[in-house]
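The next part holds the structures, each set out as structure tokens.
Shared between the two complexes below is subunit A, which has subunit B as its partner in the first and subunit C in the second.
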Partner chain A sequence: MTPGDQDSLAAEHPDDTVASFEEEGNHFSNQVRNWLHQTPAAVPLIVLVISTIVFGLVLGSKFFSPFALTLILQQVAIVGIVALAQSLVILTAGIDLSVGAIMVFSSVIMGQFTFRYGLPVEVSVFCGLFAGTLMGAINGVLVAVVRLPPFIVTLGTWQIFLAANFLYSENETIRGSDIADQAPLLQFFGEKFKIGGAIFTYGVVLMLVLAVVLAYMLRYTAWGRHVYAVGDDPDAAELSGVRTKRVLISVYALSGLICAIAGWVLIGRIGSVSPTSGQLANIEAITAVVIGGISLFGGRGSILGSLCGALIVGVFSLGLRMVGTDPQWTYLLIGLLIILAVGIDQWIRKVAV
Partner chain B sequence: MKKLLVSTAITMALMSTAAVADVAACLITKTDTNPFFVKMKEGATARAAEIGVSLKTYAGKIDGDHQSQVAAIETCIADGAKGILIAASDTKAIVGSVTQARDAGLVVIALDTPLEPMDAADATFATDNFLAGELIGKWAAAALGADAANARIGMLDLAVSQPSVGVLRDQGFLQGFGIDLGNPNKWGDETDPRIVGNDVTAGNEEGGRRAMENLLAKDPMINVVYTINEPAASGAYEALKAIGRENDVLIVSVDGGCPGVADVKDGVIGATSQQYPLLMAALGIEAIKTWADSGVKPAPTPGKAFFDTGVSLVTDKPAPGVPSIDTKEGTDRCWG
Partner chain C sequence: MMTPILSARQITKKFGRVVALDNCDFDLMPGEVLGVIGDNGAGKSTLIKALSGALRPDHGEVRLEGDLVQFHEPLEARRAGIETVYQNLALSPALSIADNMFLGREIRKPGLLGSVFRFLDRTEMESQSRALLTELGLLTIQNIGQTVETLSGGQRQGIAVARAAAFGSKVIIMDEPTAALGVKESRRVLELIRDVQSKGISIVLISHNMPHVFEVASRIHIHRLGKRLCVIDPKKYEMSDAVAFMTGAKVPEGPDFA
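== the complex of A and B ==
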């Protein structure tokens, strides 16, 4: 609406200025909605920036220091990477409850292959990554070929992978100092470097690089566009020549591979190989994805949004801990954020109708 | 041939009657994945085989899985067991089912975790968790010497719900260190300025690292760290290593699992209080057998409300006035 239009509107309804204001308002909100529809990472990014500033104002230099801000990055690295995997699956209107189990089992395979069978650590890492991909592919085949609902498939494989993890590992933890002595490659992603007061780990760098690469793949490659198409309307995608089964299997397999990579990063973060870690990674990843503005109905959202979602959770967790509140407040606020994010998603979706 | 089959069938029937005539017992643990309970199951199974008790074991799927434990108790009653050993996930909610079992004539012994109220079970076989905490508190204070007066202490606890085992260890540590307790039934209400803060770890490496990082963000000069168990301690160590302070912080812990004792040997953990799950379970099985044979219920340790299965401080740097064993002995007696 140009200023000229507004003038003529005002001239037509000289007494009814309220109506013209309302029209103006609607128009503005439609514009915002349109813009948000096109840039789905905007809302989480804005929330992230605002929450960081608010905590910075409340806590001062303690929170607003390179140390604390990069600490948040370190704390979210694992959930962040798993959230990237989860994003891919959710973009296809699926869900993967087994991400945490794949992550832990892969890390246990990397550790046990090295320490139980004495394989060279590079081979073990490769086996772990391969096992993760395979577990993801099993999910993919069950979803795409056997046509079972993703929720049910991964509810099952979650338990299967986790149980296999406990049985295979015999609940044994491989100690950090043994790994540091004999197979330091396993702890590679825990290595850190400093830029001023900021501490980065290779795991953090990996998370950021993975996010950028996946964002590029989703936006600029045929495969990426097919992922969105399958999530939006699988029948239409199939009719227009997308091989939906292949796309789905590839998405789940890639998700498995990314989870296995997260398992490797996990070893770096906790130092040891522990079969009991990552129990809640699936829920945390879904939380990050939803807060990051990816629609659970598929086909809409950006992977960078998920990264922001994970960071928002990290900012709230550390910020509220530093304020000194009961940790339950963190969960309560994160719950509110989830509801808010889904509400905004519904509101934005109206533009497409 | 037919005769042979019949006689085999009869023999087998006789044998199974003999097995039924055995004393039957149940062991119900929190999970089948935590090495502590795995060891407990081993101890119970071994002793049961020795003294002719037929043992069935049950466990929850995860820590806090109350439903499975209720179902397990019901199964044991229906099975005609003489007694139940239980490490309860929900110490209050399980009381109803436990009462039901006792009314049916079973003896119920709480292992490791006391029920609430404690006398809901016939007996409790457990580690004195307060004493376990007190030992590491005394040791830490002695190791610091005069510096204990200006210590910066980080407390890595179990969970926000403050289960009793976590509270007892935490409060025991503070008392041993010489810090005035607030309400001894909860942690986090102390006013001593030496305490930097409390955070929760879920008792694993991941949680230990995160909680340590959170406390370091509050005060990077923490020099004493209490941890609820050794996996949490190992996570805390990683967080300290990341900022290069692993050598000037004293970490103390509780449990005495084999990886934990190895961490004491390597200097990751300064000292840990070792508990004895295997003994707990073996004694429990014996108590059920005694009850079945003679109707005598187990009695608590004199002066305590429960049967104390013992705790020892494991460290290679013994402090004067605090009895301890070295890591060699600790390794011989470790579990998991």
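== the complex of A and C ==
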């Protein structure tokens, strides 16, 4: 290219003030990276759509039916809700290993308060939700005020809440038929309704509503902006006038509340109240969040990504089961997806450097 | 005698066995630009943090316009009219320019949408941010919604300074505002300091850059070993004198240091 050509190019683009912020934007990969940086839910959404289409092509109408697709929603409802709670915590650069324990203990409290103490079921549900919030708040205080690492705090409270759950429930399961007779409200979120061939449970609806509400809170309220700021750089947030301790405690408490809600949905899903249920919920939730593109280093990602992450796991599980492979293939593929997701996150982060 | 707008008496702060502030005094007069200089580790940053509420001194008192104040967090100092531009800028990289400008004092939509649903008035915050940045002539930012991490060091500094200038009603404390900047951008920040001063706001300028300090400061507070060594008039002293006081090569004496 001669200097004359450059001049004519410059003449065609006299307004170069915008370009000064996008020096590297000329390369295609950088453009992609910038776009992904701004829309963190894009990667999981694309993976979700592609995997659904692939399974649909392989399995045909068996998979690509309203029945099968809504079955996936039903299967991921609980993990999906717990993943929403986990997302909030991970956005603050923390982690909550106790989500599963809070969920089970809350469901046991709802059941036992009704059947052991004869409390009205509405009161028991309220107590269960309150207990979940309280357990989350304990995590929050230990992280924000005592300043212990979230991993250690929740590793401890995970054992504590789970042990308390077994001690309190005396390993006793409340039978589904008893609940159906005396306290059907506990099974409310397991109830199904049909729209054409699609079958939904109220638990699925709740998961979607919660996701929308949280997405709104994170994007359009000051609290949400503060959650991102705290996860991004807590010292900078503090100096900018964000009350970081309050934000952290509120995040963990809200996470606890959402886990307790998941506990209520869990009763609907399995029918009974069992202190041994939901053992893998914490790992499955972290998996969904990571595949959903939320950065474990905090401050980046969106709640809708987590929802997609949970759905991706659901699509792979059901799809591979329908194909008839050994279920271990599911875990193997999910493992690959996790590593791929974190790799992509690192790559996207380079946009900042 | 005039009452200082911001003053400190006998403040002490220890970190373990390190004495960062040792019975330090400080005075900022209304409408002045006070330069604060001192060697690395002299305790300048600790002094600033004690004044802006980022940390609480072990003992000693801080007065704003003559009234005793105790700030437990930066937010309280900000509400009292003291804004600080920190050395590490205190911006959140992943948030947008507008979000950063209004971090901790967001504007919500009027009516039910704001009060019940806590809906942020992003349009208003963006237009105000744009107006502020344009007014200060610091930046030619096209997209106020872009994240701070995509900006250069100078642009980030500009936003931090603009934020302080926009909200500081009484005192603005600037910790090394020109350290990360090029010559041209530094000039703009110095002009900005003058602009802000002409509005009647008092400024504390901490800097290692002697020419910058001597150019804009009305008085210079020399900090040494955790306390105020002396306050000099930049018109009466040379930069080399200031450096000599700062490093202990020369001991201030004479009628100015009674």
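The definition used in the following text is that the second predicted complex is superposed on the first by the 327 of 353 C-alpha atoms of A that agree within 3 Å, B and C clash if a C-alpha of one lies under 4 Å from a C-alpha of the other, contacts with A are read in each partner's own complex, and residues count from 1 in each chain.
Just so it is clear, a residue touches a chain if its C-beta (ideal position, glycine included) is under 8 Å from a C-beta of that chain, and two chains touch if they have at least 3 such contacts.
Quantities reported herein were computed from a predicted structural model and do not represent experimental measurements.
In the superposition on chain A, A:Lys350 makes contact with neither subunit B nor subunit C.
Contacts of A:Tyr228 after superposition: subunit C is touched, whereas subunit B is not reached.
Of the two partner chains placed by superposition, only subunit C is touched by A:Arg300; subunit B is not.
In the superposed model, A:Ala68 makes contact with subunit B only, not with subunit C. By the document's definition of touching, of the two partners only subunit C reaches A:Tyr220; subunit B does not.
With both structures placed on the common chain, the touch criterion links A:Leu239 to subunit C but leaves subunit B unconnected. When the two structures are aligned on the shared chain, A:His27 is found in touch with neither subunit B nor subunit C.
Using the contact criterion defined above for the overlaid structures, shared-chain residue A:Gly278 touches subunit B, although it does not reach subunit C. Interface of subunit A with subunit B (complex): residues 62, 67-68, 71, 74-75, 166, 171-173, 175-177, 190, 192, 199, 201, 266, 269-272, 274-279, 318, 321-322, 324, 326-328.
The part of subunit B that touches subunit A in the complex is made up of residues 32-35, 38, 62, 160, 197, 199-200, 204-206, 209-210, 213-214, 217-218, 231, 234-235, 237-238, 241-243, 259, 262-263, 266, 268, 336. Subunit A meets subunit C in the complex at residues 17-18, 21, 37-38, 217, 220-223, 225-226, 228-229, 232-233, 235-243, 299-300, 351-352. Residues 54, 73-75, 78, 84, 86, 88-95, 99-100, 103-106, 108, 117-120, 122, 140-143, 146-147, 149-151 of subunit C are the ones touching subunit A in the complex.
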